[in-house]
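Below are structures written as structure tokens.
First subunit A sits with subunit B, and in the next complex the same chain sits with subunit C.
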Partner chain A sequence: MENIVEVKNLEKYFSNFSLKEVNLTVKKGFITGFIGPNGAGKSTTIRCIMNLTRADHGKVRIFGKTHEEDTENIKQRIGFVQDESFFYGHLSLEQNKKLIAPFYQTWNEKLFAHYIERFELPRMKKVDHLSKGMKMKFSLAMALSHNPELIIMDEPTSGLDPVFRRELLELLQDIIQDEEKAVFFSTHITQDLEKVADFITFIDNGKIVASEEKDALLEQHAVVKGPKEWLTAERRRLLHGVKETDIGFEGLLTEKQRLAGEADGQVLLERPSLEDIMFYTVKERKNGHSTIA
Partner chain B sequence: MNIIISNAVDQPIYVQIKNQMKEQILHGQLQEKESLPSIRKLAKDLQVSVITTKKAYEELEKEGFIETFPGKGSFVASQNSELLREKQLKLIEDQMAKMLEDSKAFNIPLNELIEMMTLLYEE
Partner chain C sequence: MVIQLLRNEMFSQKAYNYVLAFSSFIPFTGFFTSGVPIRHILLIIVLSSWVPLIAPYYERDALLNSLPVTRKKIVTAKYLAPLMWSIPATVIVFIYVFLFVTYAPFPARLITGWDLLLALAGLYLLISFFYPLLISLGYIAATTLTAITGGAIMIGVQMVINIYHNPSMTSLDSTVENIIANPNAFILLFAGITLIITLLSYALSVKLYERKDF
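Let's look at the complex of A and B:
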């Protein structure tokens, strides 16, 4: 599998937060989801990938090149959707397009018309007069209309209703049908990724805690629920984010196979959602313990 | 081809896809040489990840149920009748093994089982 994006040992320091040794890849022909709680470093990482902010350490390679080597070419080939609208609010959609389209050599007017229609966007309306969801749709239409090979989106689904969110996921799956493109998108609404993502990169507190195939990630974890008596000190060590109440406990089992046999009949093992994995892992860190092994 | 994914069962999605396709091949609903959707098309139709459908196809290929030709796509493998019979028998054997395991756990003797089976078979 070919890497379209390669981030190696990326570091970025702020006074109250830093990215530490961030490593990740985005593979050609697949959808990679980037998850983590608010403030985990998702947007900062994406800004470093897009060269909108300078990393203090580490390397970002896109299509095999760094921004220093060929930023112009790299940016021509990326469709970028930010969490906030960066269009001219007092101008109409059509006027905004007329200003931005000429920057792209591969701008495709037909494709733009197709998305305007598909997303039911009012061409002549001012950007300021659009709802949040509509702005996001316009952002998407602009990002996709120059046929990008890499689509990077920062929280694209946060302002969207469930109907359009599903349509967007379908659209992303359309985009990767030709095996030539890649999608990388961050979200804290993990259920969007539950279905279509091939790979998951999970960041928490500026560090990558997991980066692998989504199916493998879901298969190696399990949510365990059961009576408190079962929870010996040894077993507790296998669990993350344990919550104990008067009537039992629950926690995230990080290596399912290590408990094989011991769970029979006494505790309940449930298939986790990405949200479960995120929740218990973050809880574990806040409790002052380690991250996913 | 029909595939229905359930999120309610504990079985991984790729196993669900694999088993349903296998069953349709063994029952002849999917005929040999029939062309199958690409892994990306199937992923899109089922709203699952490409890796999931890829894994299902890879396992079906390993077990000899389908064949993939680069550039052409995937097809139901031609099954010689002997081999197909063998796979059908294997399927039944697996189900029997499960049944016998439960029967032993419930203390049901073999002759009673055979009696039950005969009755059901003749129905």
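Let's look at the complex of A and C:
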């Protein structure tokens, strides 16, 4: 599998937050989801990948090149969708398009018209007068209209209604059908990724917690629920974000195979959702090993 | 790509900025009663620098930097923009001065090449001060400091003129008389110094902009 994006030991320091040794890859022909709670470092990582923010340490290679080597060529091949509208608000969609389209050698006017129609966007309306969802749709139309090989999206579904969210996910799946493109997609709405992502990278508090195939990630974790007596100190160490009540406990088992045989019949092992993995892992970091309800 | 960036600056402005730019005709031409060449030079500087000074307020840095263009080209476009705006500004002021010379009952002369050189030098001195401040301190601080400095320079020039006209103060007489006797040499010297300052300012701006986070 060819890596379109390779991030190695990326570090960025701010006064109140830092990215620490971020390593991730985005593979050609696949959708990679980038999950994490608010403030985890998703947008900062994406900004470093887009060269909007300069890394203090580490390397970002896209299509085998760094931004220092050939940022123009790299960005020609990327469709970028930001978490909030970053177009000229006082100009219409058409005026914005006229200013931005000439920067792209592969701009496809017919494709743009297709997306404008498909997303039901009013060409002559000012960007400032659009709803958040419409702004995101316009951002998508702009990002997709130059046939990018890599689509990077920072929280694209956050302002969208459920109907368009599904449409967008279908659209992304269509885009990667030719196996020549890749999508890197950050969100905290993990259900979206559950439907479409092939790979998941999970970041929390500026550090990568997991980065692997979605199915493998879901397979190796389990939500465990059972009586308190079962929860020995040794078993507790294998669980994340344990919550104890008077009658029992629940927590996330991070290496399911390590409890093989021990759990049979005594505790309930449930397949977790990405949200479960995110929730228990963040809880573990915030509250220590366990909480008492 | 630099052309596209210049085009971006031209068409991303709010229309009223152009109207406001034209309003500067009123103070700089003394309500259309002054034919003094220095006022016309100042008018060219103000008209040429108006959009480059206002544009950063509307600029979308994250958008510009996500486009397939290097940061150096973005800065290059910033430094070329005043030159681009000086063309229509000069044409407009030239037409005004021509009409003034032809029809107004006041003594006046047409704009010369030396006037234009002086205007360009003044324009780039202003811009060379503004852009590094803009990149390092932001829009509000940069415009405030530039306005204060511009005002201080104009007051300084007026003070020199006042001192020259004051018979009891003779310390600046020989300097001012030298300039009056050889105005073109002074303009050339001023333009040369401005060119060096502009190149240094450009290099500094590129360095600052390449380190900036958006």
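Keep in mind that, in the parts below, the second predicted complex is superposed on the first by the 287 of 293 C-alpha atoms of A that agree within 3 Å, B and C clash if a C-alpha of one lies under 4 Å from a C-alpha of the other, contacts with A are read in each partner's own complex, and residues count from 1 in each chain.
Here is the rule we use: contacts are C-beta pairs under 8 Å (C-beta built on N, C-alpha and C of every residue); 3 or more make two chains touch, one makes a residue touch a chain.
Nothing here was measured: the structure is a model prediction, and the numbers come from that model.
J.: Quick one: subunit B and subunit C on subunit A, clash or fit?
T.: Aligned on subunit A, subunit C fits beside subunit B.
J.: Taking C-alpha centres, what angle do subunit B and subunit C open up at subunit A, rounded to the nearest 10 degrees?
T.: After fitting both complexes on chain A, the angle is 150 degrees.
J.: Determine, under the contact definition given at the top, whether A:173 touches first (subunit B), second (subunit C), both, or neither.
T.: Only subunit B is touched by A:173; subunit C is not.
J.: What is the contact status of A:29 with respect to subunit B (first) and subunit C (second): first, second, both, or neither?
T.: So A:29 only meets subunit B here.
J.: Of the partners subunit B and subunit C, which touch A:213 in the superposed model: first, second, both, neither?
T.: A:213: touches subunit B, not subunit C.
J.: Regarding the shared-chain residue A:112, is it in contact with subunit B (first), subunit C (second), both, or neither?
T.: After superposing on A, A:112 lies clear of both subunit B and subunit C.
J.: For A:98 in the superposed arrangement: first (subunit B), second (subunit C), both or neither?
T.: second
J.: May I ask you to decide whether A:138 touches subunit B, subunit C, both, or neither, giving the answer as first, second, both or neither?
T.: Neither partner.
J.: According to the stated criteria, A:80 is in contact with first (subunit B), second (subunit C), both, or neither; which is it?
T.: So A:80 only meets subunit C here.
J.: Subunit B or subunit C: which reaches more residues on subunit A?
T.: C
J.: Could you tell me if A:184 is touching subunit B, subunit C, both of them or neither one (first, second, both, neither)?
T.: neither
J.: Using only C-alpha atoms, work out how near subunit B sits to subunit C after the chain A superposition, in angstrom.
T.: After superposing on chain A, subunit B and subunit C come no closer than 29 Å at C-alpha.
J.: Subunit C touches which residues of subunit A in the complex?
T.: Those residues of subunit A that touch subunit C are 47, 50-54, 71-76, 80, 82, 86-88, 90-91, 95, 98-100, 102-104.
J.: Show me the residue ranges of subunit A that touch subunit B in the complex, using the header's touch definition.
T.: 29-31, 169-170, 173-174, 176-177, 179, 195-199, 213-215, 219, 271
J.: Name, in rising order, each residue of subunit C that touches subunit A in their complex.
T.: Residue list for subunit C touching subunit A: 1, 4, 7-8, 11-12, 14, 58, 60, 62-63, 65-70, 211-214.
J.: Could you list, by residue number, the parts of subunit B that touch subunit A in their complex?
T.: Residue positions touching the partner: 10, 12-14, 40-41, 43-44, 47-52, 55.
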